[in-house]
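Order of writing sets the chain letters: A, B, C and D. Residues in each chain are counted from 1.
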Amino acid sequence: MKTGDVVSCTIGGKTVEAVYITERDERAVLKLSSGYNIGVPFSEVLHVRDGEERKGVEPPVVQDSKLPELAIISTGGTIASRVDYRTGAVTSRSTADEIISAIPRLATIGRFRTSQPFSILSENMKPSMWIELARCIYDQIQAGAHGVIVTHGTDTMAYSASAVSFMLDTPVPVIFVGSQRSADRPSSDNVMNALCSAAVASANLGEVAICMHGTVNDDYCAVHRATRVRKMHTSRRDAFQSIGAEPVATVTYPDLEVSLHADAIGREAQKLALRDTMEEKCALISYYPGMDPAILDSYTSYRGLVIAGTGLGHVGTALMERIRELVCNGTTIVMTTQCLHGRVCDRVYDTGRDLLRAGVIEGEDMLPETALVKLMWVLGQTENPEEIRQLMQENLKGEIVRRSVYGL
Amino acid sequence: MKTGDVVSCTIGGKTVEAVYITERDERAVLKLSSGYNIGVPFSEVLHVRDGEERKGVEPPVVQDSKLPELAIISTGGTIASRVDYRTGAVTSRSTADEIISAIPRLATIGRFRTSQPFSILSENMKPSMWIELARCIYDQIQAGAHGVIVTHGTDTMAYSASAVSFMLDTPVPVIFVGSQRSADRPSSDNVMNALCSAAVASANLGEVAICMHGTVNDDYCAVHRATRVRKMHTSRRDAFQSIGAEPVATVTYPDLEVSLHADAIGREAQKLALRDTMEEKCALISYYPGMDPAILDSYTSYRGLVIAGTGLGHVGTALMERIRELVCNGTTIVMTTQCLHGRVCDRVYDTGRDLLRAGVIEGEDMLPETALVKLMWVLGQTENPEEIRQLMQENLKGEIVRRSVYGL
Amino acid sequence: MDYKALGLTAGIEIHQQLDTAEKLYCRCPTILRNIDERNGEIRRYLRATVSEMGVIDRAAEEEMKQMRFFSYYAYNTTCLVENDDEPPTPMNPEALQITLTIAKMLSMTPISQVHTMRKMVIDGSNTTGFQRTALVAMNGIAGGNCIIESICLEEEAAQRVTDKTFSLDRLGIPLVEITTAPCMHTPEEVKEIAEYIGMILRSTRKVKRGLGTIRQDVNISIRDGARVEIKGVQELDLIPEVVSREVERQVSLLAIREELRSRGAEVPQGELDVTDLFSSTKSKVLKKKAPCIMAATLKGFAGIVGREIQPGRRLGSEMSDYAKKCGVGGLFHTDELPAYGVTEEEVAALRERALAGDGDCVIIVSGTEQQATCAIRQALKRAGMALEGVPEETRKMLPEGSSAYMRPLPGAARMYPETDVLPVEITEEMMAAIDLPELLVEVAARFTRELGIDSALARHIAYSDRLPTFEKAIAAGIKPSLAARTLISTLRELSRDGVDCGGIPDETLIDLLLRVNSGEVAKEAIPDILRALAGGAPLEEAIQSVGPTFSVSDLETLIEGIVAERAEFIRDRKMASLGPVMGIVMKEVRGRIDGQIVADVLKRSIEKRI
Amino acid sequence: MDYKALGLTAGIEIHQQLDTAEKLYCRCPTILRNIDERNGEIRRYLRATVSEMGVIDRAAEEEMKQMRFFSYYAYNTTCLVENDDEPPTPMNPEALQITLTIAKMLSMTPISQVHTMRKMVIDGSNTTGFQRTALVAMNGIAGGNCIIESICLEEEAAQRVTDKTFSLDRLGIPLVEITTAPCMHTPEEVKEIAEYIGMILRSTRKVKRGLGTIRQDVNISIRDGARVEIKGVQELDLIPEVVSREVERQVSLLAIREELRSRGAEVPQGELDVTDLFSSTKSKVLKKKAPCIMAATLKGFAGIVGREIQPGRRLGSEMSDYAKKCGVGGLFHTDELPAYGVTEEEVAALRERALAGDGDCVIIVSGTEQQATCAIRQALKRAGMALEGVPEETRKMLPEGSSAYMRPLPGAARMYPETDVLPVEITEEMMAAIDLPELLVEVAARFTRELGIDSALARHIAYSDRLPTFEKAIAAGIKPSLAARTLISTLRELSRDGVDCGGIPDETLIDLLLRVNSGEVAKEAIPDILRALAGGAPLEEAIQSVGPTFSVSDLETLIEGIVAERAEFIRDRKMASLGPVMGIVMKEVRGRIDGQIVADVLKRSIEKRI
């Protein structure tokens, strides 16, 4: 039996005709004419006839050549997707026509070119794919895109956006977008997020950002600087939050008015450039009480290590010896804080001063995840320890906010 | 030369008399009569005469025997401390007399007994000390304490409070308190936090909680349930925040009015009991894109592992094989989320379903740090895998909130 | 009407809320809230999603004619699942257990692996844009010969507060949907089956009671007619009326079809902007809406659009229902004009512009240009259907039993799997372990048998919402007659007087009855005490408010006095004096001590003197 | 006064804000804000911390007499460091560099390892409760023979908005504190040294200018007197007055001491509650405060409490200052009563109750019981000091040059290490690398030498806030005389007229001068244009507002006409007609074209005709 075949089975003494969908936990899943799926033992299912081939039809799409050209790069997100109502499978759609036919209003904002360097679940992202993605964005901008939209699963979107931010100097907006509720549901946040991201991709912005719901309402999207944003909720629409910084823009919905923050970097403020080497041999570890110092032994071959320490940036004294050894052996260690908010300051307590003496670099107010991505990039640029330290402590792409302003 | 000795040196052709304080980075630190410290080369310092012995005097303290008896257990925090103005050293004070003389108003709230099981920087805390602390609290309650105040460094206070919460069923309030700004400064939050903690230690509460500033103002303290609280800022007074739950109480300042939340557990609701075994061989790891699966090899001898996954509780597929092996070899793996807010749900995406099939336990909405502490405790109670799973998924001490209420 | 001759077939769907501790796909309690208690509001758009055929479900498409911004009230008893901001929990096992119990009572066969589906509903009543529903069992039998096709376990929708505002407290309460085969052939039969299934449901003692907790949808068709589903019939007694009116409607529509065909009527496509004709109209309705007025001509429809097809409903009403989906207030047609302030001259000009002959009917709608265009096209669509006969539709019941169009019957395209909920296995062991509850009819019989209660009253008790109270009262040792009278008759009488005793807890009622049982409170005082309790008074206060109780010794003293005063009369009349003297005593003590006690004491007192 | 005979010795402390990009211990800009621009407010209590001897610093203790709740305004240009919610950054290297430059200019020796200290200040002006300060260099010389003891780099305090409210914009701006030895012996000498050090500071071109950016504290003592520090002398010209008034005060206090001693005066401890005596008083001041009135008797003080010791200040004022620390409004004493509504009878009753003889003085204060008790004790403390002579005090300058008590001189106990800031090493290489800036006196001399500017004006320019503007103007090619006249004289005249040109940017001024230089704008129009600019107009608009410019050819046409009309007069008077005709022309063109051009054109025109 294959999906779509007509079958029959007997339930309560009556014969029921149905369509075979799939196998699930040793049961045949059948769709009844009422639309309900049921799972029955294979032994009870009789094949009646083969299914007919069903073919989807896309309505034709016309793009307005007077509108600015925007590039959509899909990495496997479901900004435009279609449910197979028989199997429940969600098919991601990534050609311009497919995307526009799913979200027709996009066609009033721009002319779209699309590209799909790969298609994965975002938890399977890895640094080599960040590089591929950055190159793809670079190519699109060089080819004249007025703005770039990257559709991405939300799980690791902040890491990817941050990585692109370090690798790419962009004169145009590079906007990452995703959805927290899958595109196959009528309440999905995908349409609003997509439209807002297209609006901000056309705006006077020249940096890498993430555009997602600003609240749980369908009222506006917040546009977060790639290096200051973190997914702060597993499932809420407004999961993405700027930490220690304000969003660089907001886009109201449904009128799609873009308001830029005074700190936003404008179009053409940076010249297009790509520096796409990254050192993958880097790790992030969170300290906790009683952490066994032996755990650090796994990192002896690592070139970089970010620690999310406690409070102002501390670890237990028991780890100090191993940390000194790692630094001596050439591992760059950057201290960040598991508090997420606030600044690392290892000058206040003895533990911190010991860390500084051991050669650990204070990560200022960088998010631990951003610090990891930055460290990979910095180690891809230079091997000079002094340069590494300087680059890590310098604000390159908004990842370090030199002043902790009250109210953020 | 020793601290307190009178010395002289010549600066700009003039001889200056000063008191020798200490050595710092190969300089002699001297205090001038104006109070300023200066650092000068040892070669320029001449010994004039030995210093006189100076002895601190505590004013006598009278405790009101009609007030309820409260226990203060110090672990090395600086709720009451004194600066040596010569060296700048901060001396922690922990006897009842010392504490009351530093915060006289305490004497109007209770009669105090004190105990100091150990004195450490909180980043050096470890599970064996949690046990010692829990026993000490147990003893104090058994000896009749109407409430217990534990002073603790803020870095790992939430871990310790959470550990005590699992080990101890308490009929009285057990309130952890600390200060974000050191007690030696006139603006320290120590006095307000200490007074509020004493007020709540006298209130109708029967659980383990943390009492710290509710805002950056000196207006009220929030009392957080031990298992739902996290230090969310490196340095702000209001760093401690309840995640996914409301504080169990607030205490206004300076009037010390305690308002209990409807969910707060009242006095005597639990019978005093101590279950003080913990399995230390547990770890917490944060997943990030590109994490090398080989890192998991360091944990083969571990009995428990908490993963802070991405989003709803995911890790890259590359880790799946190692996770399966660990579970097969008897390591309990609990999935939590690095988003901190929201609930783990591994039923939605394939990656999650694979994790469930591998035997990973969904950590519901537990904070990763709380899940680690709970896992240590649960593995200390039973070796039965089904019991372990059930205990991990059951709400024992408020660590799991079964419903995600909007607005938290 | 001769329903057999007309070929009536009807089936019903019964929707019954379950009385579980938690909701079906989250852990919130299943309690309703006052909207004033809300602690948050969220605002969302919904849009139909496209199926794999590039097709939007026809019911969903209808709901999409307007882009709608919905508002939802949240409570401290709702959570992120209702907000559609968190994945659902696994299916509530308690709800599944109740559903399986009902299935077993109806001799149904459970599905081996139950799959939760999403049924697309974008009228705003579900924050997700779909309702979760799972087919749990199939093919059983009710009341001897009615076939039960299926039982589904699904989540309740949110309650509508205003047009676009919903309250999330109700969303997610478990609901069973029991669907019968179309095996009924008279209006009365439909009612009987509904009643029987209702009794089965309540026999589980695990279903919600009270207004809105059970709803019947009725499927009706006649020969040559079409299947029409009428939703939201809440009162059993209205079912026969609803069925007979629908039969009447289908009969009328078939007659209209024949007449239109014989006239050679047709529905030309295309609308006409006639806004200018009404630029100085006196019609308030047209003026109010008015940026645009559209018209269309229905060839050969004159007189038919205005024809009644059901009490209070005309063919024009049906067309109006369709038009309203576009946000307009309704439509006018020349069968009813001039009227509503539209003058004869305006009608004439309209007819002229629309090139309408005497046999034709012109329809007009007003609204924004987009609305009016959409609405006139919808009306034309419905007019076209009149040429075909009876359209398949989902309709909603109107207060008197007629119905109005809601949306087309939904197709299977609106149903797709809920990927966030894992399927549940139902094993034979699970089914075998289910103990069937005692049916309420059996309960009633037992009450008569064991407690000696009259069989009509016993049935009343068994079917009443207060059955558990009654059982607790009996268990507490209260006399069955006292309990039955109070819980059934007294409460019903008070309810007729507008006193709502629904909020009085069982414990309080039983406490009160215990005091009556012990003589501490007089039976006669019960109604007044219940009134006070309904007003919110605590029991002690309610009892005091009726008057202090009267002890037996107080009574004896009182009676001694009264009897002494009337010693002569009593000696004269002997026991015949009992009645008159009793009256005098009762005037003093009514409601403060049991009348039977008064009679006993008085009797003894009189006996002493004669 | 013969200051030498009195043994006057004086020293000064000069506090000068540095003009750095960022603050001393955080990275906020060093700009002041309008309080309306605040975006947050935080509220805190401060309390003195106990030293290792169990002793609270005496100055801090004085500030603790009331528990005070302070409020702070935050801005988007302040951060968590000002809020005392984040550890400080390392010491700002730019500020340290400027400090070292000043030290080198004053021939001072830098400290090898500079330690940041905390100086406890709990009057609310520092959110931390302390001021961070570091001793950077010691033992230099200023102006030939004045010894400079030390230069410290410290952070500015928050600006007080109201009694308990502070604005955080100023907090943390770097400040150097230069302390001289007590090496001055006349009031004029103090002023001269202050002036010289000020010139040194401004020579760095890296210090803030304008109101409040520099403050002098003066330390004064006479033989047998005591060291008194008078804070907050902002104007140099007031220094001699402040010094001479303090000398007067110390002389008076010493005289009072002698008189009191000769009278055998004494100050018994203990206060007396006299609230009842004033229960029906007419005194508004007493009634207003009034829950409690306390009194005390000063034996042998009659007539002395009311004695003037400085213009406008009596011994009673000093006691009142002490009392005010407890939150009361002040005190009354019998040397001044009856007055303020207090009657003779009340005074008599008071004296009687206080057992005061004719030679005694009674003091009273009113407030809450706690306040009044605290206040009367404070007053008694100060009265006791009168028997000792002059107390060592920190005082604040009053507007005319007298002073009022602030707090005791702080001791070394208030100073302890700032553990959050690492010490900084100062190496000989760093000192050697510092280029000494040109002193302003040398700048003035150079202007005279190179630009031919009169030496008084050159000094004016060099010392003026507009020196950088002047230098930019010269560099831009503007005539030195035009630049000097405009930037010094014109701006000063406008300032006298109440026009504040402080907000006009350098670029605008230079643009204006360039246009004058090129003849596009008339020199005469400058004051009016500056007025318009000060009012906020952009340059173009300001120029237009004064009138359209007048081109040379326009002028020639105009002059041709005027001259033609007066041809006869001109022929008569020849060149002597120039003056009268010039007046007529100028009436038409004043402020629209340069007078010199008018004169030239007119002269040529007249010459043509004669």
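As a working rule, a contact is a pair of C-beta atoms (placed from the backbone, for glycine too) under 8 Å apart; a residue touches a chain by one contact, two chains touch by 3 or more.
All values reported here derive from a predicted model rather than from experimental measurement.
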Pair sharing more residue contacts (C-beta pairs) when B-D is set against A-D: B-D
Distance from the mean Cα position of chain B to that of chain A, given in whole angstrom: 33
Distance between the centres, which are taken as Cα means, of chain D and chain B, whole angstrom: 47
Averaged-CA centre spacing for the pair chain D and chain C, given as whole angstrom: 81
Rounded Å distance between chain A and chain D, as computed from the means of their C-alpha atoms: 56
Where chain B touches two or more other chains at once, by residue number: 216, 234-236, 312, 342-343, 345, 406
Of all residues in chain C, the ones touching two or more other chains: 42, 80, 83, 85-87, 419
Category of the chain touch graph - line, ring, star, complete, other: other
Complex contacts: residues of chain C adjacent to chain A: 42-54, 60, 67, 69, 80, 83-87, 108-109, 111-115, 117-120, 122, 127-130, 133-135, 137-140, 150, 152, 411-417, 419, 423, 425
In the complex with chain D, residue positions of chain B that touch it: 11-14, 16, 24-25, 27, 29, 31-41, 54, 56-59, 82-88, 90-91, 101-102, 180-188, 191-192, 216-219, 234-237, 254
Touching residues (chain side chain B, partner chain A) in the complex: 121-128, 130, 154-156, 159-160, 216, 231-236, 239, 280, 283-292, 294-295, 297-298, 308-318, 337-345, 349-351, 368-369, 372, 406
In the complex with chain D, residue positions of chain A that touch it: 312, 342-343, 345, 347-348, 402-407
Residues of chain C touching chain B in the complex: 26-28, 39-40, 42, 74, 76, 78-81, 83, 85-87, 90, 419-422
